[in-house]
């Protein structure tokens, strides 16, 4: 197999990605210009969308990137090429929006079209592939994430995208955006913190008592099968009743709608991964190790804190990763019961068929979940490599 | 007959097998012995084209193996490996039937063959046919693995460290079984091992490999008495070379006429066994008999000692 | 084991009774309503909603299974080797796409209704099955594959007779997980006007009627548990049948 690889020059994945990108660039609109948010827009191709002849150099960069990604198998080159293509596409869409928006127009909307999305997607996939082939160590992966986040922040702060539709939606509601962002964070991280505070001891107890494990695990698994919308809704009633019965609870912010039932629901979903992974992590500690620890005279408590928990830590961290990523996604549903978060924009957008608004909610959610996954994966792997 | 004609395998710039020529006579056992990384497994795997040679030709009974579709070639060559590689989701019978089924044998013929092979390897067919590999002991798994390799009556059997995972007593039995089965079927066997004692015990001829090259090919006695270089002599052992030499020669080779007292030795016993028996009994000579018990003569202590000397 | 089976049968009977004649259960849900609001959802038949819900899940899961297993096989062949690193990376981060976002982003492409739900469930269902197909194929012991090759099985024969049967339990576990997650996720489809049990929950949320929310949630949850157990039992039976086959 190895000798066959040497002879074959073409990278098939590169060919597929470049092919999709080329077809998209030729066949699909690069941007869609609308006089206002509601009416149907005018689709414009890559060259037509950019002012003057600016489309041609962009097309040339993309073409070169496509050819290189097919022919060059070195991951470093492929990463640079994918990054260049992504930068070209992102800058071009900003320039196009700027050129197509008349000075002082507040109603016009220039949305990225299919060609932009697909070109950006294949560039991202090519970059991901190059990174995967480099098999970076945890620190390298975090570094790559920081660079990507920095580039994104620079792009957004530079104002290059200021005339794009979803950035205009953002500009119109920047205050609300950051409030909902904070709310989203509280929902995801708050429920996680509560789940760790409660789940860790429960997991330790489950490890020690088979009876507790047999009673608790099926219950927690059952909770996972209740659809999120329903669990959010079901919790509204008892919390509403609690607030009505106890003015103190009401004053503390516990109400039937809003943050409280959403936090409680996310907490309940988060319990299973934390408890299960703690129990599994402890069970996976080799018997010879605990035996040796006991033989050296460690008390149960010392054994737990100095031997078992440190060894189980990577598995527990994996459970925390599952919870955080899952909760960031599920927190969007909280908007349905007035819990706030990025879901507010998603559901408003669906209600008004305003996709720019959906994007304003969906893209940060995905970015947040993705970043959390990368960071916690890297942390778990680092913990595995160098057990405490 | 298997002929390897200037065979080379390169991965990148590194030659794993470097210009090896070797002939294995029909019906004999050739053992390829060497340290890990010597290229011995790669050489073996080129015979059934699991690895394609970079250069050179391999002929089986005069036919170039490159001319056949790979899977057809392999169906005609038995293949047994360390860790047996039995299909865990198939019964013993189904495992053995693999190649006959690929060759579209009649069902009756396949069944007959399975029972005959199980019996040949001392596995009661009624008991073992329908067992799954995980229900067998290590030694039984290994025997089924060899039986599976022999299922379609191949003229050539390739074995890659087939007994490496077995404990010494079971390994001894497995080697004995292999010799018996090979004698009966007349299969041409190429076996790879890193164990010199196994090589001397099984091989009609032994090829010593190092760094992708064959250092020496010859009978076990050749290798012991006339090692080609320091590497071969180190590999064949320095301190107990005389004992090794005795162990590869049969009593039959030094029988002289004359009487002797005591229990007779079989003519196929090694001189090492004869020496042990002579030392133990304190006798100067012991009688020798053939397989049917007919007296052939005697073996003397002096004759044994003379055989342990170089030359 | 006996007790669990009896419990499951009872659950099936209860679910069937509720779907066939929800009005019998009015007294159970009545205490949850206020101001004389209806205790049982009557805008549409619960049975039909359940069938539509499960139909959507079945179609999406079937398509996801076919595509994911096919892709898993492809990237594990020499011809698909170029695609393996990216596939692994996607599997690793794919679950970070929240279903709500996938659903919402599918709407501009295909409009409202069942279609975006099908797409979201399909995409979301791909990952666990793909991941398990890869894992299942990878855990086939090297010695088994080597001897299969050495005995002259062609690439196709190795796949069909050795690799897939040995990977099957892992692949089926992926399908089971995917189906159960889809049953829950499909409720969100009702926010983009797909027919399904989410409709009942949404009606409850918008009118502040906890009885609706609870009955919608319970039907989905109980169905998911029962289907999970049913698939698990079917898998075990299939494995046992294979193991006892002479």
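Read from first to last, the chains carry the letters A, B and C; within each, the first residue is number 1.
Basically, a contact is a pair of C-beta atoms (placed from the backbone, for glycine too) under 8 Å apart; a residue touches a chain by one contact, two chains touch by 3 or more.
The structure displayed is predicted, hence computed values, not measured ones.
**Student:** Please give the pair of chains with the highest number of C-beta contact pairs.
**Tutor:** Greatest number of C-beta pairs in contact occurs for A-C.
**Student:** Centre-to-centre on C-alpha atoms, which chain is most distant from subunit A?
**Tutor:** Farthest from subunit A by mean C-alpha position: B.
**Student:** Rounded to a whole Å, what is the gap between the Cα centroids of subunit A and subunit C?
**Tutor:** The separation of the two C-alpha centroids amounts to 22 Å.
**Student:** Provide the C-alpha centroid distance between subunit B and subunit C, rounded to the nearest whole angstrom.
**Tutor:** 54
**Student:** Go ahead and note the Å separation of the Cα centroids belonging to subunit A and subunit B.
**Tutor:** Here the centre of subunit B sits 59 Å away from the centre of subunit A.
**Student:** Enumerate the contact residues on subunit C facing subunit B in the complex.
**Tutor:** 141, 143-154, 157, 162, 165-166, 242-243, 246
**Student:** For the complex, give me every residue of subunit B touching subunit C.
**Tutor:** Listed in rising order, the residues are 48, 50, 70-77, 79-89, 91, 98-99, 102, 130, 132, 145, 148-149, 158.
**Student:** Which residues of subunit A touch subunit C in the complex?
**Tutor:** The contact residues of subunit A facing subunit C are 1, 4-5, 11-14, 16, 125, 128-129, 131-133, 222, 225-234, 236-237, 325, 328-330, 332-333, 336-337, 343, 346-347, 349-350, 353, 355, 358-359, 361-362, 365-366, 369-370, 372-374, 377.
**Student:** How about subunit C: which of its residues touch subunit A in the complex?
**Tutor:** 32, 78-83, 85-86, 88-90, 92-93, 95-101, 104-105, 107-108, 180, 183-185, 187-188, 191-192, 197-198, 201-202, 204-205, 208, 210, 213-214, 216-218, 220-221, 224-225, 228
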